[in-house]
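Shown next, in structure tokens, is the structure this report addresses.
Chain naming follows the written order as A, B and C, and within any one chain the residues start at number 1.
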Amino acid sequence: MTSANPTFSPPISTPISTHLPLPAPRPRAEPASEPPLSGTRRAGWLRRHARGLAAVALLLVVMFPFLWLVQLAFKPGADIFEDSLLFVPTLEGFRSLLQGNFLKSFWNSLAVSTLSTGLSLLIGVPAAYALTRWQFKWRRHVALWILVTRMAPPIAFTIPFFLAYRWLGLQDTILGLAIVYLTFNLAIVIWLMQTFFEAVPTALEEAAYIDGCGVWQAFWRITLPLAAPGLAATAVLCFIFAWNDFFYALILTRTNAITAPVAIVNFLQYEGWEWTKIAASGTLVMFPVVIFTVLVRTYLVRGLTAGGVKD
Amino acid sequence: MSTTLILHPGTGWEAARRRAFLWGLLPSLAVLLAITLVPAAALLVASFTPLSLTDAAGTFRFDDPLVNYRHLLEDERFLRSIATQLKLSVSSVALQLAVGLALALLLNGRSRLLAATRTAFLVPMVLPPIVVALIWKILYTPDVSPVHRALEAVGLPVRSLIANPDTALWAISLADTWQWFPFTMLMVLAALQMVPDEPLEAASLDGANRWQLFRYIVFPHIRPVLVVCGLFRLIDSFKAFPLIYVLTDGGPGSVTEVTNYYGFIQAFNFSYWGYASAIAMVILAGVFALSWLVGRLGWNDHDKR
Amino acid sequence: MAALSLEKIVKHYGSTPVIHGVDIDIHDGEFVALVGPSGCGKSTLLRAIAGLESITSGAIRLGGRVINDVAPKDRNIAMVFQNYALYPHMTVAQNLGFALKLQGEDKARIQRRVHEVAAILGLETLLGRTPRQLSGGQRQRVAMGRAIVRQPDAFLFDEPLSNLDAKLRVQVRTEIKALHQRLSTTTVYVTHDQVEAMTLADRIVVLRDGVVEQVGAPLELYDRPANAFVAGFIGSPAMNFIPGRLHLDGAASVVTDDGLRLPLVQPPRGRHGDSVLYGARPEHFALDNSGAGLPAEVVVVEPTGSETQVAVRLDGRHAVLAAFRERVDLRPGDALQLLPVAAQAHLFDAASGARLN
């Protein structure tokens, strides 16, 4: 019979959170041994919250340019050369946008983004499903193709499209722009939806086959409903990418299908430097995007790295 | 009695299934072919001609296919644009990596405050690029910029950065970094989440300080992500347009004229479509090479796991 | 309800053969279990019957008609999956009624049928729930209900009990048997657990490496296994195998290398001196103090309540597990005399494993 070591005691280790891998362990404030002087306690509190305070401070610095634009939109025109943050906010800047082309361009942006999203989903979703369930030999090559189409500089596509549209009569049309947007949005849909379809177990589809479904019936009734959140996120990402485009819209539209980003630049060039108008229109144009982004922030990285990294 | 039947690949449920998948894939393949490969081919073809607006039919000829490419080699403006592009891309990406990494390290914590700030930091990246350009146009225009006026008030008047040939490119680089650092930050944050706990705990018990922990354990782990991230941003930086268009229009002179912008001017200011196509082909080749590299690294990294 | 027959089924994955020619005849209304170790091809066969996998050659007939090329939805077969495969976004009622809905039945009929089946399986109170809200046993019952609703020609079960805990397993097993007695539908049941096969099946098919080793009623396989593999696979705890040589001088017996004499009742096939395996089930050992018994030393005593399993070493060498119905007072290290019951002994050729007696 062996006897236990009577003087055994567990080693005291530096407490490290096992939930989150921190690059360095956070210095713990010393327990009761700290002398109860208010200065030291405040120093301890500061140390504990240093990270949070630094983060917020940096956030304010980084967000300053953005916030400045937004507040400029609400400033009365006479005050824009002042720096004072005390002003009576006015919607004058926004109201002035109602005249002229801006409202139409905003509407065009909505139409093009929606159409582009719809087309991309319609064409891309079945393809994504086929690629998921059909063990494709050339998967890597398709991935490279998708990556290149995402990464190619717009100038490479704009010249041919510009020339082709002149001939086809698709210049300055919403449909023409939506088709061009397929160059990046279709790839996004195919790439993202693949990962969402992969998450649906094949056993469910097999059960559906036995219950009486064909391939696309099972897809429609079982797979797609289960991938619905992913579908929504993908749709939003497509919308954002289409909405944000500037280059294609600049080249391929004139007055009829002009989108909001291009219309703003018109203020710069043709209507003089009307800063309030610029700020107001900029605020409006970014508004839908910021809202949507908050909704899909978890999928943002996947969308932006599509094709490059295999999730 | 039974008879054995040899199945042909064309019959049966599995074959029907394969056919169904093919039908699902075909529209996408057709569309992608039509809108990517066909235009790319057209671009290639156009790059072999001196096509231009002034005599569209007449200039669509192939008697001297390499005329544009020869011209490119002698074109000083083009060569300068490449140098400008490299300067802008490298400086911008380096800054993005540095800022993104620093912020990721700072914000990698559990509190709700940090989580909220992480989301807030995404804003510059998701703004429409044109809005980003406008924001910085305001900041860089001395008349309306609070920064300029503040500096003036303190007694350090600064002239317009974007009107000064020496500082214009760095001004754009700064704006670009502001726009894209959240991308790096996100990627590094994701990578930090995957750094395994045990080596960190063991090293900390062994007495390593913060810097040592970072340098010997964390950094090797996130280095591949930084590389892929850097390459991604590098490729993306070739597309830089709205910033230049709004802030400097390629100027002053052609100091901020990157290759992409030069191509734009050739194509849509001068309407030298053939020549612009050649420029675009050069950019495309560079993008292709880098994309291949990214694809290689991204896939290899996954295969290794 | 129909007879199912598999004729000369061969399946290759690419160039690798997985099933080497399987012939099984299942009668109308019969419950057949496919058992075997993992990788033997039983699941592949089941999926081939369902239509989820193709076969390289051979014929599958259901009710006389060849269904090789028929899509799963047209085979009139229902399947219960190992992981239940319930549709997560539908309620239990919708899960049950899905197949009928696809067939275009009117709502009233579907409702009636769903309630009928729910009553049989005790699911009435759960009809409005989603699978997420159900326990493992309840989910399994819904999976079975989904199969029953369609009144198919055959049921296929793919290891349906492996995800349940031991107690639930026994309970659901009994329910499956009761269900089969009630509905009399032709059933093919795949499992790696031979106890399940023994208790449920009318006939068992033992598979190994894509080949049928033996087909027969459970007790047939238990009492007269066709080869050493089946003998070792069926029956728990497993049969004991003792290698030795056949002795036909005087009373037939098997003698081990170290001289232990294992009794046989009558001379089997084979010649004197042949290398053989002597098989004796744990319950076919008796304590023998008459002198004819084999000397053994107790290694471990495992009382299970209903029997006492005693692991011994025969003559210090051969490890044997004996099981006694009556309570025995033995402790590790005790010496005793064991004798296998000659009438219940099995004899197999040492090289081929084929049965010799």
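The rule is simple: a contact is a pair of C-beta atoms (placed from the backbone, for glycine too) under 8 Å apart; a residue touches a chain by one contact, two chains touch by 3 or more.
Just so it is clear, the structure is predicted and the values come from calculations on it, not from any experiment.
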| item | value |
| --- | --- |
| Maximum inter-chain contact count - chain pair | A-B |
| Chain occupying the middle, per Cα centroid | A |
| Inter-chain centre distance, chain B versus chain C - centres from mean C-alpha coordinates, in Å | 60 |
| Cα-centroid distance, chain A relative to chain B, in whole angstrom | 15 |
| Computed distance of Cα centres, chain C from chain A, in Å | 55 |
| Multi-chain contact sites of chain B, meaning residues that touch two or more partners | 16 |
| Junction residues of chain A, two or more chains touched | 214 |
| Residues within chain C bordering two or more other chains | 51, 71-72 |
| Chain C - residues contacting chain B, complex | 5, 7-8, 51, 53-59, 61, 66, 68-72 |
| Partner chain B, residues of chain A touching it in the complex | 13-14, 16-25, 51-52, 54-56, 58-59, 62-63, 65-66, 68-69, 72, 80-81, 83, 123-124, 126-127, 129-131, 133-134, 140, 143-145, 147-149, 151-164, 179-180, 182-183, 186-187, 190, 214-216, 240, 243-244, 246-247, 250-251, 261, 264-265, 268, 275, 278-279, 282, 285-286, 289-290, 293-294, 297, 300-301, 304-305, 307-310 |
| Complex contact set, residues of chain B against chain A | 16-18, 20-25, 27-29, 31-32, 35-36, 38-40, 42-43, 46, 103, 105-111, 113-114, 117, 119-124, 126-131, 134-139, 143-144, 146, 149-150, 178, 183, 186-187, 190, 192-197, 200-201, 204-205, 209-210, 213-214, 218, 228, 232, 235-236, 238-239, 241-242, 245-246, 260, 263-264, 267-268, 273, 276-277, 279-281, 283-284, 287-288, 290-292, 294-295, 298-299, 301-302 |
| Chain A-touching residues of chain C, taken from the complex the two chains share | 50-52, 71-73, 77-79, 81, 83, 85-89, 98-99, 102-103, 146, 150 |
| Touching residues on chain B, where the partner in the complex is chain C | 2-7, 11-14, 16 |
